[in-house]
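Read from first to last, the chains carry the letters A, B, C and D; within each, the first residue is number 1.
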Amino acid sequence: MASSLDDLPPRTALVGIARDFHARGWMNGTAGNLSARADSEHFWITASGKSKGRLDEDDFLLVRVKDAAVVEKRRATDKPSAETSIHAALYRRFPEARAALHGHSVEGALAARRAKKGAKAMRLPSIEMVKGFDIWQQNPKVDLPLFENTLDVGRIAAEIEKRFKKALPALTALMIRGHGATVWGRGLQEAYNRFECLEFILSYMVHTRTR
Amino acid sequence: MASSLDDLPPRTALVGIARDFHARGWMNGTAGNLSARADSEHFWITASGKSKGRLDEDDFLLVRVKDAAVVEKRRATDKPSAETSIHAALYRRFPEARAALHGHSVEGALAARRAKKGAKAMRLPSIEMVKGFDIWQQNPKVDLPLFENTLDVGRIAAEIEKRFKKALPALTALMIRGHGATVWGRGLQEAYNRFECLEFILSYMVHTRTR
Amino acid sequence: MASSLDDLPPRTALVGIARDFHARGWMNGTAGNLSARADSEHFWITASGKSKGRLDEDDFLLVRVKDAAVVEKRRATDKPSAETSIHAALYRRFPEARAALHGHSVEGALAARRAKKGAKAMRLPSIEMVKGFDIWQQNPKVDLPLFENTLDVGRIAAEIEKRFKKALPALTALMIRGHGATVWGRGLQEAYNRFECLEFILSYMVHTRTR
Amino acid sequence: MASSLDDLPPRTALVGIARDFHARGWMNGTAGNLSARADSEHFWITASGKSKGRLDEDDFLLVRVKDAAVVEKRRATDKPSAETSIHAALYRRFPEARAALHGHSVEGALAARRAKKGAKAMRLPSIEMVKGFDIWQQNPKVDLPLFENTLDVGRIAAEIEKRFKKALPALTALMIRGHGATVWGRGLQEAYNRFECLEFILSYMVHTRTR
C-alpha cells in the first residue's frame, strides 16, 4: 500500500476515497463530489449522478479553475458535479489547495441543524481532534464557516468566495446547512485526513446536547 | 467494477445489493426481499427464508407481474418471498419500475413509530438528500407513504395498489410501519441509490426529536 | 459461497460467525462463545480467552452434553469457554438445538439494564423482526427470558435449566443482564439469523425510550 | 491467520491493529499512536502525522524506554509520535507491558466529558465486559484513571508516571479528557483485546445517561 494518497495518480486516489466514504455512509445515493488539481489552472472533478461506491478513473471531468468550464471528459454523456462551482471557488481562493472533498453525513446534518438561524459559523468544541487542522492551541476557539443551502449552487459558490475574500477561515473546511461538509487540503491525504477529523468533531457535537 | 449495477445481469446485481445491505444491518435474519424485472411481464424475486448475506443467483424465482404466480424456479423447495404480492403491485402500478428493494432498519422502524396513529404518510425533512429522489425544490415538502403492518401481506399489497391508483407518490418509496421501507427505481442502480438516500433521511428523522 | 452455514463443517461455520460478529462489535475483547453439536451427545465449543476475530478450526474443544466434560482438545493448553455449562444446559433442554451463540452488544446491555429489578423477562416490541423467531401473530406479545449475571456461571446454567424445565420460552434466546444474549437454533444458519434478529430488536428497544 | 497477534513481528501486528482501529473510527485523521517493545530497553512507536489506515512496517521509530530518545528510524524525515513520552512513561512504570495503544473515539470523548471537573478517575459500570481486564469480582468497582489534556504532552507523561508511582491502577488503561484512551498489555493481543473492551464500556457509559 502506498504510504500516502499523494503517491497515487489523483483520480485513482479519489476513486479510493469515494469508495471509502461511501462505505462509511458519507456519500449515500449519488451524494458527494470530489476533486483534485491536475495543474495550477485545472482540476479533476467527479461526474454528476453516479454512486460513489462504483466510480472508476473515467468518471471525472477536467475543469478550469478560472471559470469552472469543462475542458475534457472521457464519457460524452457525463456532466460535471452540480457543485463544481464551489470547488472552483475554493481553488481560486486557496492556491495551495490540491484536493477538495464534499460529503453528506447524518451527523453533519444534525450538528448544522442546531446552529442558530442566520449564523455564519458553528463553534467547534475544543477537543484534541481539532489539531487535525494544524491548530495548536490550549483551548482553541475555532469556527466552522456555515452557509445556507439553496437550489442555486452558483449563489453558494459566490457567497463562499466573497466571504473568504474578507477573511480566511481558521479551518480548511466549511459546512452547508441541511446539506454537508466540504474539506480541502494541500494534498489528497491531508484533505482525506481532515474530512475524517471534521466528521469526528461533528459527531461529538451532535451528542453533547443530551449526554 | 461495472460502473453501474444495470450493467450486470439482474440477479447478479441483486446478489451484490443483498450482501451490501445485509452487511449494513438493513437485512438482518432473513428479513428483506429484492426483485428486478426480467421483462415487462415478469420479475425475479428472492426466495423466502434465506440470509441475504449468502444469496446466490439461483436463490430467485421468476414471477408473473399480472398475478404474482411463480413461473420458474431453480430449486424445487424454494418459495417466493412472502411479500411477492407487494412487488407485483408496484410493477403493475409503475410500468417504468425495473427493480424494488425492501429492507428493515432499526432507524426506519423508529422513525415510522413516531408517526401518528392512522397517519397515511410521514413528512420528510427538507434536507439535500431528498434530491436523490429527483425532487428539485427549494424547501420540498415531501411525504413518504405509510402503511400499517399486518400478517396478511395480500391486504397490504391491495392497499398499496389502491392508494397509488388514486395518486402517485412524490417518492418511489413507501414505509410499512413496524416493518420496513420499500424503494423502487427505473433501474437497479437507481433503486439502490434511493434506498441509501431514504435510509439517510430516516436516520436523520430519528435524531431530530432529541438533538 | 455455500448457500447455508449448515453446508459447512460446524467448526468452519463457527469460525466465520465469530469473525463476522467480532467485526460488528458483538464480541469485543475475548467476549462471547460459540458452539455447535458434533453429534447428539457432544458439541464443539470455543476455547476460553481468545479473540473471536482470530479463531481457527483448532480453537474448539469437544464437550459432552450430559455433564459438560471435555472429551477432546486440539491444543493442550486450551480450556473450554467459562460458559460451557450454559451451552450444555441448553443442549440438554432443547434436543433439536444444533448451535448456540453468545455475544455481548452495547445495545443488548443497555436494553437489559432497563428491565426492572428481579424481572424474569423482557417484553419485546411487536415489530416485524420478531417473525425471525417463527412467531406468526398479528401483535405478538413475546418475552425474552432474563437472568441475573453472577460470577458463578454454573449457577446461571442451573437457573436456565430449571426455569426452562417448567416452561419453554417463546424464543430460542435468552438474556443475561449486564452481560449478553445467547441464541440457539436447529441449525447454524438459524442460530446466526436469529442472533441478528435479536440484536435488531434490542437496538430498537434502546431507542424507543427517548425517540 | 495467526491465532494471536503475538505470533507476528511486532510492527506487522501494529500495522494490522492500526488499519483495524482506523476502520472502526478510533483513529481518524492522523490521530492515535501505537507502540510495542522491541526489547526491555526499547520500543517501536508510530511516526507522527500519518493516517493509521495506510501505515507500513517502515512507519515506526525505535525509541529508548529510559529517556524516549529515538535510536533508529527507517525514513529520514520521520518524527516519533508527539505522545512518545507517554508510552515511555508507561513502559517504565509497567515492566510487564509489551504494547500500548492510544486512540480517539467519539464515545470515549463523550464519556470523559461527563466526569466532574478535576476528577482523577471515571468509575466504570460493573458490566461483564470489565472482566476483559482480568477483574473477577461480583460487582466490581473499578476506576479508569483520568488525566486532563494539555498541549504540553511531556506534562501529561510526567503526571501519569507520578500518579502511577503512588498506586497502580486496577486497569491497564487510562483516559485523557477531550482526547482519548490509552490501553496497554502484556502482549499485543492483550492490549488489542482490552482496547476493544474499554471502547465497549465507554460506549455503554455514554448511553446510560439518557436510556
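Just so it is clear, a contact is a pair of C-beta atoms (placed from the backbone, for glycine too) under 8 Å apart; a residue touches a chain by one contact, two chains touch by 3 or more.
Everything numeric in this text was worked out from a predicted model, so none of it was measured.
Look at the contact of subunit A with subunit D and you find different residues on each copy: under half of the numbers used there are shared. Taking each chain's centre as the mean of its C-alpha atoms, subunit A lies 31 Å from subunit B.
Rounded to whole angstrom, the centroid-to-centroid distance between subunit B and subunit D, based on C-alpha atoms, equals 44 Å. Those residues of subunit D in touch with two or more other chains are numbered 207, 210.
Taken pairwise by the contact criterion, the protein chains form one closed cycle in which every chain touches exactly two others.
Listed by chain label, the pairs that touch are A-B, A-D, B-C, C-D. Here subunit A touches subunit D in the complex through residues 1-5, 125-129, 132, 136-138, 189, 192-194, 196-197, 199-200, 203-204, 207-208, 210-211, going by the rule given at the top.
The touching residues of subunit C, when paired with subunit D in their complex, are 25, 28-31, 50-51, 54-56, 58-59, 104, 106, 109-110, 113-114, 149-151, 176, 178-180, 206-207, 209-210.
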